[in-house]
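In this document, chain identifiers A, B, C, D and E correspond to the written order of the chains, with residue numbering beginning at 1 in each.
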Amino acid sequence: MTMYDTTRPENAVDQQTIKIQARNVQVWYGQKQAIKDLNVEILDKTVTAFIGPSGCGKSTFLRCINRMNDTIDTARIEGEITIDGENIYDRRIDPVQLRAKVGMVFQKPNPFPKSIYDNVAYGPRIHGLARNKAEMDEIVERSLRGSALWNEVKDRLSEPGTGLSGGQQQRLCIARAVATSPEVLLMDEPCSALDPIATSQVEELIEQLRQQFSVVIVTHSMQQAARVSQKTAFFHLGNLVEYGDTDDIFTKPRDSRTEAYISGRIG
Amino acid sequence: MTMYDTTRPENAVDQQTIKIQARNVQVWYGQKQAIKDLNVEILDKTVTAFIGPSGCGKSTFLRCINRMNDTIDTARIEGEITIDGENIYDRRIDPVQLRAKVGMVFQKPNPFPKSIYDNVAYGPRIHGLARNKAEMDEIVERSLRGSALWNEVKDRLSEPGTGLSGGQQQRLCIARAVATSPEVLLMDEPCSALDPIATSQVEELIEQLRQQFSVVIVTHSMQQAARVSQKTAFFHLGNLVEYGDTDDIFTKPRDSRTEAYISGRIG
Amino acid sequence: QSRDQVQVAGSSTVLPYATIVAELFGENFDFGSPVIESGGSSTGLRRFCEGVGENTIDIANSSREIRDTEVAECAANGVEEIMEVRIGYDGIVFASAQTGNSFEFTPSDWFNALSAKVVADGAIVDNTAANWSEVNPDLADQEILAFVPGTRHGTREVFDEKVIMQGCEDTGAMEVFVAEMGEDEGEAACMTLRTDGRSVDIDGDYTETLARIGSSPNGIGVFGLSFYENNTDTLQVATMGGVTPSTETIASGEYPVSRPLFIYVKKAHIGVIPGVKEFAEFFVSDAIAGPDGPLAAYGLVSDPELASVQQAVADEVTMQ
Amino acid sequence: MTDISSTTPAGRKSLYVQDARTRRRNAAEKRFRAYGLTAIIIAVLMLAMLVFTILRNGSGAFTQTYLSLPVALDAQVLDPKGNRDPAEMASVLTLSYGQVLDRALETEIAALDLTIEGLGAGDANRLISRDASAQLRNRVLSDPELVGQVVDVNVLVNGRIDGYFKGRVTAETAARDANVSPQQLLLAQALADNGTMVTRFNWGFLTLPDASDQRPEAAGVGVAILGSLYMMLVVLVLSVPIGVGASIYLQEFAPKNRWTDMIEVNIANLAAVPSIVFGILGLAVFINFAGLPASAPIVGGLVLTLMTLPTIIIATRAALQSVPPSIRDAALGVGASRMQTVFHHVLPLAMPGILTGTILGLAQALGETAPLLLIGMVAFVREYPAAPPEGLFDPASALPVQVYNWTQRADPAFVERASGAIIVLLIFLLCMNLLAIYLRRKFERRW
Amino acid sequence: MPMSWALFAALLLAVAGFYLGRSRACQAGGSDVRTLHSRPTYHGANVGLSVLLPALIVLALASGLRMAGVIPASSGAIAGLLALGAAVAGLGWAMTRIDSDFRARNAVERMVMGLMIFCSMIAIATTLGIVLSLIFETISFFGQYSLTEFFFGTTWSPRFEGNSRLGMLPLLWGTLYISFIALLVAVPIGLLAAIYLSEYASPRLRGFAKPAVEVLAGIPTIVYGLFALVTVGPMLRDWIAQPMGLGNSGSSVMTAGLVMGIMLIPFVSSLSDDIINAVPQSLRDGALGLGSTPSETVRSVVIPAALPGIVGAILLAASRAIGETMIVVLGAGAAATISGNPFEAMTTITVKIVSQLTGDNDFSSPETLVAFALGLTLFVITLALNVIALIIVRKYREQYE
């Protein structure tokens, strides 16, 4: 697997606490089962990469973690997902608070039809993270810098976010998610529309975030998974086939399907 | 540049006719200029890759080629683009016919809220490409196979296309564009949400298409550009900085900005 | 081909009588029931005067005489021969809720209760009376609240002239007003009603007045005689100048507040639109408009000179 | 790059306990939801209240009291010449038939041996509806041989007596009422007790034409239903295609310039034009200028079409506008023309809004009286219009007109009929909208 | 009747033309229809329309001329024949044009576009018709009554004897006041109901409540009027106005406004609900994913995105409020006064248009003609309001995607 020998940070996993734990999770869309009996433990202060062929259920599982699947009428979930030991499908859990804690960047960029500034300031505003305009300005700038968009948009913060290019919209959505400082950040292919430079800047951001938080990233780029993650989960046809240290997965996969996938044989 | 040493087909460019020619194209969105004085000649039976940092105007130029920019109120275009020697901004040109000839895959997957089958069959239907149901079935199957989606959806052709995963939607849009057999196919990051296997299948499709047609592809993956294209154009801040044979661009770029970009220094 | 039905439009006061006649006409003749539109005398006459021809009406119902300006307009549009037919008289009565006090009014009481300005000790002052007993100690001790027809109604004209104006003269206020403001202004001042909510204009119909009395049991309303006669279970009528209104007292002229009702027939349509003349003749025939006919039973005061009206219709006598 | 995460609070909080801010926001959320629910409940309650009132007042219109009795058709009265010639018998007016019926009732009462204390002479006469004499006359004229025989007839009874059986009239009110006496009520009760007088379902209300003030019991909405039906046909056929066509042009094709703005403002303004002004327009244009007949459903339909167009156009435009541009891009991108894009993709997605506009527009058109005032449809019409298309040019009235007319009548019996007509109108509306509501639910989707 | 027969025949011919054209196009395409520029269906439609449109135009012209009296009424048969001739000519011409290069789709689309433009011209024609049918009487009104008195007079008291004071300000005030209160009721209730229906309600509740609320728009206004007169009016008077010393009038601006507001709820709720429903789910996901509550999502993302449509709905409701008669007559009374007290009786321009027009006055007197002047004035005022609304909406529009 010499293909992935790009520079990457130490992938050593510290002895960390479990942040998210999924037990026997099953998800259906109507009659169709999208996730089959999934068990996984996602560690704190770690970047976990979800890889797997298109349509295997990565986004679906990601959306389960912050209960975004609630918004799909046909979606039905079984099993248990806990965050910090608390079952998020418990009736006492308030999905709003959950989602404030577990941020998300969606696969398709979905900026609000508002100004760029308001797009980023939206989260901090509803969560009351800024006491005044100056603080808000600072949060907005910091987030946009983090997602490598600041230079391109600093002169047009009041223009609508929908008038940006595809990659710019994607970075805007990253900035928007980061601005609320979530404890867990779920990113569904955050760099799919980004050029290599922007990608590496976002990866830098991810590395930084993981100092304090847990990041889950879905990616189709094995290089990226290898570069940024410490743990990797391989999904296939709704199953979590293999989960382990990124290094191990890429160098000595235990399951044949994993091996086939990372060597480019199954899709 | 050993980074791009993956297997790729012969990138030799035949002595071919010019399919698309752009002269002094300038594009504005309201006051903002997105394309500055662009000149380019795109050859027939060739895959041309557009690369460049996010927000540099790739999609904008792509949309100019089949006049999709007409739909944006604020967009204004100057200069001349000819296809087969005919100026497409001529008043006599019927944009509908133009777009039937110049197909497009958009950056953000946008399936119709109809069934998967109808999504693909729509184009052939309005262009009268199938004489009967059997022929139509065949076109649909061929297109879906080409875009590597057939196996995943063959049992659910009547389900809505909007209920697919991100990568599946992207492939559906590719199938939709291919189904009308356009002479020129414009693909805006067609593989951004695809796993490596699907990507290579789509690349195979592109290779196949170029036997007869001209394909323009926007990509952020330099490897992909190197793999599939014979010609590469590098955009930067609205300028076409460099245009030439793919091999040359990647191995001996003439412009310093090109070099900086492909070696990962500017974004 | 020409229209099958006679078309009639106009006053909503004449409407019930016209419908009764139209119904009987349709039952007893082969012409088919005439179409009777409501919409007010004004609209009726306007449509009547729009010209001669199939898509104009044949007969206009009116609760007042046609005005000279209207006749002129008619003539300008080619409607030159108009037959004026007086079908009877409409009595206007004052009634209050059955459950409340009964009243015996004179025009002076109404003037003193509702006029915006009254004369007190020879001086013109704003009307502040709040109680009928303040106006006239003989009347019941009840708040003044009168539902009078709005200025769109022909009834209002009669009310103004035969009650308020009469009261103005009777109380002697007229002289004071005229002396103070001159002839025209003085008369106008007589008929200006107070706007502090004691006098409520009703733009709708008698049913609205009835409903308002239902929701404000202190109110006294102005009604047509026939409307009252159909609602004697909820309304009690007040006398005016000591006379109880009825078809007899009005026909004899004892009860003062009444007005004539008319239909105007377009002579040019007679013989063109089938049934126009027959309908007009039927309308004023003894069996219908006579004192024992269904119209009288419904509350129309039969015309004492009905015979001459019948003759005029038979001869197709036009105005002037 | 600066540190992103500096603002995050250090201590980890349980998700089970809501922090103060979340609690506040959740409270706001609950309030908001409650407001929404309250709004719906208010609206539905109001509806329930209005419908309840209408039903309570109007259900009586659907039953009616009938009297059956044998009538001796006196040849001397009905055929004075004695030659049984219908043409000559026609000179005998309904008034005479009324007398025949009165006499028959007196005979019947005597035969049944009913004695009511204080019942005056002729009091019994007023039990029978004045409509009965017309029925009897028609029957006799169509079969002159009946004269001289005794026939069984089934006739309507007077509105006040009918009101007694529906609880509207009581002995107490009758005592004050000049038109009915308590003795008459006792007589009616006696007749009902022995089965001569029955109250049953009243088809006549749905089929008969309007009747004059003196016969509330015989009044029906037959002509009005036909008139409304014809008008709505015209409105439906014209306003939906024209409205949708205009909206599509304005929203999708018209160049964005002053001229288009002008049309847009114009349409919005037409919505604010009082409906009676459309009546003025109709009178001036369709009747006086175009020479169409007055009181005809075609004119009413045209006027109502013009009146509903703004509603449909505004709703349709809003719906078209809310279709995401990406759908248009997708269709254009595969080579569909703009027209195809609109008709194949945008219009189906805008369908719910279009249907809503249609529902609201038709509801408005169906219930409107004012514009009909000036074009002669607020009228007393007893003749049924013919079948379309000729019937479109015959005089007719309409359901709201019938309601409006009846609420103005002096006899309180008409209040019940007005409410009955409203019930019919609402059922009519519901039937008309059923398809639209069904289609709307089918087209509604999120993407 | 010959004209309607001609119309019928032209329709039949058009249908026949459609099939003829289509099969002819299939032939022209030979073995492969793909060589055709346009699909055969479009060729068929082109033939059909080429048959129908000329016939329609001839018929419309003929009936127009006949109405205007230029040609005699008996000329229907000739007109019918002419129309048929035009149809046949259209058929022949269109059939000869069919070949593989003929742009039938473009031709059909041009014709459809023409029809659609015609449809939107109807709005202009209506406006023109309204202005024309009001202007002459208005001019004749101003010939008899002073312009300044009418526009700036503060007293409205028509009389039979003449000498009326016809100042429109009290009516205008009443119109604005009552409409304002009606909107104050209808907009919040309607909007909240729409939000609840589209964002929270279960499909079953929604399936029931939406059509049910729409029934409110279909109840004849006289029912609302009686409701105002019999129930709401006395209630407001006895419970609020009298205890607070605000007057003792049974009919008031408040009564009419409240009841009218109820009638207007569906205009706001149903239209807004459709528009809100059409906002893409991805926008909601975006906001929810940031941890906003559903209500915050609605308020800050969904409503702004749906704003143009919602404003349209509100304007429609306002328009209905301005044009309403019966509720005002029965609920607010007929007194033309200017006062800020919402528990006082007032009236509106529309009511006075109706009552002056359908009253018993002399029809050529200013008392009647004032109805036309009021109509035209109201028309101009609402036009101005609409222009302002358009400008405001333009400014705050948020286009999604």
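Keep in mind that, in the parts below, a residue touches a chain if its C-beta (ideal position, glycine included) is under 8 Å from a C-beta of that chain, and two chains touch if they have at least 3 such contacts.
Here's who's who by UniProt: A, B = Phosphate ABC transporter ATP-binding protein PstB; D = Phosphate transport system permease protein PstA; E = Phosphate transport system permease protein.
What you see is a predicted model; the values in this text were computed from it and never measured.
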Touching both chain C and chain E (chains): D
Shortest contact path, chain A to chain C, counted in steps: 2
Which of D-E and A-D has more C-beta contact pairs: D-E
Centre-most chain, if every chain is reduced to its averaged C-alpha atoms: E
Intercentroid distance (Cα basis), chain E paired with chain A, Å: 49
Centre-to-centre distance between chain E and chain B (centres being mean Cα positions), rounded to whole Å: 46
Length of the line joining the C-alpha centres of chain B and chain D, rounded to whole Å: 60
Centre-to-centre distance between chain C and chain B (centres being mean Cα positions), rounded to whole Å: 83
Multi-partner residues of chain A (at least 2 other chains): 96-98, 100-101, 108, 126-127
Junction residues of chain E, two or more chains touched: 105, 226, 281, 293, 296, 357-358, 399-401
Overlap residues in chain C, where contacts from two or more other chains coincide: 39, 43
Every chain pair in contact, whichever chains are involved: A-B, A-D, A-E, B-D, B-E, C-D, C-E, D-E
Of all residues in chain B, those that touch chain A in their complex: 29, 32, 51-55, 59-60, 107-109, 148, 152, 156, 163-168, 171, 188-189, 192-201, 220, 222, 261, 264-267
Chain B partner contacts - residues on chain E that touch it in the complex: 33-34, 36, 39-40, 103, 105-106
In the complex with chain A, residue positions of chain E that touch it: 281-293, 296, 300-301, 304-305, 398-401
Interfacial residue positions of chain E with respect to chain D in the complex: 4, 67-68, 105, 109, 112-113, 115-120, 122-124, 126-127, 129-130, 132-134, 188-193, 195-197, 199-201, 207, 209, 211-224, 226-227, 262, 265-267, 269-271, 273-275, 277-281, 293-296, 298, 306, 308-309, 312-313, 315-316, 318-320, 322-323, 325-326, 349-350, 353-354, 357-358, 372, 375, 378-379, 382-383, 385-387, 389-390, 399-401
Complex contact set, residues of chain A against chain D: 83-84, 86, 88, 90, 92-94, 96-98, 100-101, 126-129, 139, 142-143, 145-146, 178, 181, 183, 204-205, 208-209, 211-213
